[in-house]
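Worksheet for the structure shown next.
Just so it is clear, A, B, C, D, E and F label the chains in written order, and each chain counts residues from 1 on its own.
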Amino acid sequence: MQKSDTISSLRKISVATLATALFKRGLRNQVIQGVHPLTQNGENMVGPAFTLRYMPAREDRNGLDVFLDPDHPQRKAIETCPPGSVMVIDSRKDARAASAGDILVTRLMKRGGAGIVTDGGFRDASSIGQLDMPAYHQRPSPPTNLTLHEAIEINGPIGCGDAPVFPGDIIVGDDDSVIVVPAGIAGEIALEALEMTLYENFVIERVREGASITGLYPQTDPAIKKQFNEWKSNIANRF
Amino acid sequence: MQKSDTISSLRKISVATLATALFKRGLRNQVIQGVHPLTQNGENMVGPAFTLRYMPAREDRNGLDVFLDPDHPQRKAIETCPPGSVMVIDSRKDARAASAGDILVTRLMKRGGAGIVTDGGFRDASSIGQLDMPAYHQRPSPPTNLTLHEAIEINGPIGCGDAPVFPGDIIVGDDDSVIVVPAGIAGEIALEALEMTLYENFVIERVREGASITGLYPQTDPAIKKQFNEWKSNIANRF
Amino acid sequence: MQKSDTISSLRKISVATLATALFKRGLRNQVIQGVHPLTQNGENMVGPAFTLRYMPAREDRNGLDVFLDPDHPQRKAIETCPPGSVMVIDSRKDARAASAGDILVTRLMKRGGAGIVTDGGFRDASSIGQLDMPAYHQRPSPPTNLTLHEAIEINGPIGCGDAPVFPGDIIVGDDDSVIVVPAGIAGEIALEALEMTLYENFVIERVREGASITGLYPQTDPAIKKQFNEWKSNIANRF
Amino acid sequence: MQKSDTISSLRKISVATLATALFKRGLRNQVIQGVHPLTQNGENMVGPAFTLRYMPAREDRNGLDVFLDPDHPQRKAIETCPPGSVMVIDSRKDARAASAGDILVTRLMKRGGAGIVTDGGFRDASSIGQLDMPAYHQRPSPPTNLTLHEAIEINGPIGCGDAPVFPGDIIVGDDDSVIVVPAGIAGEIALEALEMTLYENFVIERVREGASITGLYPQTDPAIKKQFNEWKSNIANRF
Amino acid sequence: MQKSDTISSLRKISVATLATALFKRGLRNQVIQGVHPLTQNGENMVGPAFTLRYMPAREDRNGLDVFLDPDHPQRKAIETCPPGSVMVIDSRKDARAASAGDILVTRLMKRGGAGIVTDGGFRDASSIGQLDMPAYHQRPSPPTNLTLHEAIEINGPIGCGDAPVFPGDIIVGDDDSVIVVPAGIAGEIALEALEMTLYENFVIERVREGASITGLYPQTDPAIKKQFNEWKSNIANRF
Amino acid sequence: MQKSDTISSLRKISVATLATALFKRGLRNQVIQGVHPLTQNGENMVGPAFTLRYMPAREDRNGLDVFLDPDHPQRKAIETCPPGSVMVIDSRKDARAASAGDILVTRLMKRGGAGIVTDGGFRDASSIGQLDMPAYHQRPSPPTNLTLHEAIEINGPIGCGDAPVFPGDIIVGDDDSVIVVPAGIAGEIALEALEMTLYENFVIERVREGASITGLYPQTDPAIKKQFNEWKSNIANRF
């Protein structure tokens, strides 16, 4: 699968289905725990991870004047994140001070960012929620990042919400949550999860019609397999 | 009071008022702490509890193939929960993996379930929030339940959100929260709370008109008692 | 700056900007952590703090009959909070029982209260969210306050969400959070934050037009200073 | 019972037995949760509570120079705590900064204090543990109290480890934990708990001899009542 | 391996080594998190699990009089736990009330119990720590179990400290912690971990002599394999 | 002050005194929160920080075979930590799996390490506590680090227990806790804290003799200044 096809497939797959596909391969901790979208719009965020790591702030290194330096890692990260990427921030799950605010997130959007995720919180969260780029966090947090966080590394391996994130891993977010798909298996996971999604769509239609889940979910009844194949060929030109 | 009358009365009473009625009898821990409705629609969820208990998952017992067994407790619970009941799930307050997803919850709805509550989280939460059956949880959680939870017992006594739940207890949920009314006193609690609700409705009208709460809430002024009785007879054919 | 001007200026400033203005003066813990508005309406809550402190409830002192006393501190606080003030409640961050309910909060609103904040939870939260007065809490909490809280002191110094609150401090809440501006510096903070807000508005316009943040945020490029001054004179009669 | 007899009786009773005696009267939250003695020496700490309340520190009010004021509440509390009293500190369960250090605790000891309890932490904890006065806390905490705590009130009602504490309540600590016995019932609780302790001592002797707990604990077998009475008269001149 | 051999082997193996042996088989959550021994004596606790499950207490079902019933599950569990077994209690990780006290734990010891573990806390902890039977908990907790816990099930599957525990699983505790070895693989785990222990003993001797861990831990250098085999034959008649 | 003098001075100063010296310079978060020594021996651990950072483990990258690589960061860190240094490990405050075990810690000791600190937990903790090198952690944790942690970076800037740690910062641990003294000010902090320690020693002697803290702590009475100077010259040849 080409990378662009992978990205495009992942737009149609829920984080829950991806979590199950990864679970099959023994990966149990890829969901970024404790984050939610600032706004639910029914569309997926998808893109390779570009990371930023915060460490605890030491007061003498984190006065407001540090931002006079155009190479300050927080600002530089925003200005160098490649278009199409999702910025993922390791804030040590500490939402008592902000990870970023609406000016930086707007700039990221204008530069073509595909989204932003922190396991801490955003300031100006209600403004960020109105932007045309998805953002995920734990809770709104007005204090400047300097209060507790020092941006220390751009695009290294990090933890975010207890999940491991390596630069280039494919980040997928839906209306519920965010998951990290390891770069090396993103294509095969996308393919498999697409097939799973198709079957789940079939199942949910049957269940809405009144079918029992026995034999249907998971599929153990050969008659259902046949029904599914028919259903699939019927929708082939729709989906 | 007949059971059907009890259920019907409880549809009109807030969880807060029920909490006070239970507090009067010395029951202080009946609210399921830390859960909220996936969607607020202004209507109460009411029904007897049908329970499911999860224990921590041991990996060798919780591969995806366990669902091939139609008697797997999670699936069996969904297929045997009596119509009109509320399924209450003890997930040990751990929302890092799902308690259930939209297929099972849809099936429960189709079978006539009155609602579902977990002190963990649902996967496919945004879909479940659109169903025509109330659901309450802590937060969305995409990983399959097998990641952390093994369904181990159907319809035994459990804890949910630090509240004790016995099968058959009457579960009431409103736009804020969920409470457990012990089966043996559900009728008398409903009656008493209905009367309390009436008085609170009277009070809130007075307060909106500018009345002080002194003498009114709680009622200590005999003049107010008289006003309330008049008000009550006036609304009698409306309520 | 006159107090009424201060209040009026603070209506136009975000909690995030105030947090930065206070950070400049070495005040790092003035945001009330872990609270959010019951309803987002895009307007600020502003007013001097009038406080109420809860301590843990001892059962023999906290039966329902305590409310027969019109001088019970919770009720008295509501009936004596000056018009224009924000009631701030120290609930020890414990949301397992309510800080107040819709009757008391409605009464506070009718008496001219500017808002209410607790680091615990409100019962009847969905009703309170529909009132024409802002309210902030941690999460809905149906059990009566008597279950865990005893109102013990009116208008003394308290902690709320880990922030220090002295009576008369100016409380500002927006769609994201709440901050405590010490009374003695509220005027100068308002002035300074108003100027910061102006510049942030200018910045966000530039960023939306595609400008880089380098040199712009913070302003280090003299050309940008000039642009800002022009922009400011252009909007002078609008703002 | 005279107050001095009460104090003296409480020296022989475990916190666990007192907790049960209070539970019988409906008081369920009198144990100070989450604290332990710095040193276990097998003796009880007993004395009336003298309290100190901390609120969150605002940086501009809490520089080191505040201690130049001999009336600073932390210092004044130490210098005015009556001999025989237990100082109980409400640190909002926050042990990230100290409640006090070895100099102040030594001074309290020299002035005749009966002990000290905080729901935060002490600095110089290993030194305090060697003093000849019991101290209880959550964990060692080296940062000066000014970092996070401002001493704001002496001898008012407080919460400590989620327990309500009123000045004059009798505080009892053993090798495990600390409990708050309300002043008004301390005498009767001491009497009752002394009798319970006697019976528990009898029981533990029987259990060590191999007796079953059935009929013995609680006592439901009349034969055991007789044995107990004999045992009691035998030990009367020893105990 | 015979069951008695398994038990006897497990007395010589650390919980850490067992955790690694289980990790090799994909079992990652078998350590009971957050518990420690009341007393460290350098010896292992080993025995099959006999379980007790607590649910949240409802006040009307949990007065002190419930213990008049000799079949109350807490008391019955103590009187029926088979000699040689370890009692494991699911207290929902809630140490705010006791799981058991010294009378019951003494009785368990007299009946031949091999030990007791709770993910809550014991009352009379300092007495229990002096008994001749190992006990593990989270922290001392004086309030009677009735305050928060109702004993509801004897010897069913439970969670304890986030680990799954089935009756008959082999429980091993050392001076640091406790682990659950699934019954079906206890023999093979014991054998394998014994061999691992032998090698670790060899390694630690080498490291104390100044050897680098490279090639030694894990063993990748064939020369070291040879040394180990010699060392092993030398100690064979000692170990 | 020479670096060796700094180290040697810091051996005589408590973490609490250092925390106050840093507080005077506006550094409020340098104590590593939530850690304690495995064994208390009354001596300080002092040395420059050599760091190791863990990120969350992804299962496919963290099988036991990774240790076959002699350059695995955890093993390499141990084999390259300079003699005299303190290894400080960022385990994201997660003690559910080990940061290291007795073999690696013994090796570090043999290579001349000055100590080891993690904000997680050690396996084989009771053995590590008997080594002749200080170790600090949160709690014992038997599971292999691979269960949850992947060692990802050696000697970069990290957070440990919410404190910022840069390689080369001077780490000081006493019987209570651990603090991070920034490298650039370690000399001056040592000098100042030594003087403070001297005065505190003087104060504690006075307090033990019965002196009030008023005028003495802090010193505001000129007579006391004189006494202190005399005391200091008397002890000069002892200290």
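Basically, a contact is a pair of C-beta atoms (placed from the backbone, for glycine too) under 8 Å apart; a residue touches a chain by one contact, two chains touch by 3 or more.
In UniProt terms, the chains line up like this: A, B, C, D, E, F = Ribonuclease activity regulator RraA.
What you are looking at is a predicted structure, and each value in this text was computed from that prediction instead of being measured.
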How short can a path of touching chains from chain A to chain C be, counted in steps?
-> 1
By label order, what chains touch chain B and chain F together?
-> A, E
Determine which of the two chain pairs, B-C or B-E, is joined by the larger number of C-beta pairs in contact.
-> B-C
Farthest CA centroid from chain E: chain C
Give, as an integer number of Å, the spacing between the C-alpha centres of chain D and chain C.
-> 37
Centre-of-Cα separation between chain D and chain A, whole angstrom | 50
Chain centres from averaged Cα atoms put chain E and chain F apart, in whole Å, by 32
Multi-partner residues of chain E (each touching 2 or more other chains) = 26, 28
Mind listing each pair of touching chains for me?
-> A-B, A-C, A-F, B-C, B-E, C-D, D-E, D-F, E-F
As the complex stands, chain D meets chain C at residues 25-30, 55-61, 92, 94, 150, 152-153, 156-159, 162-164, 182
Using the touch definition up top, name the residues of chain F that touch chain D in the complex.
-> 14-16, 18-20, 23-24, 28, 31, 33-34, 36, 40, 42, 174-177, 179, 200, 203-204, 207-208, 210, 212-215, 217-218, 220
Provide the residue numbers of chain F that touch chain E in the complex, in ascending order.
-> 64, 67-68, 70, 75, 78-79, 96, 98, 101-104, 106-107, 110, 123-126, 139-144, 146-147
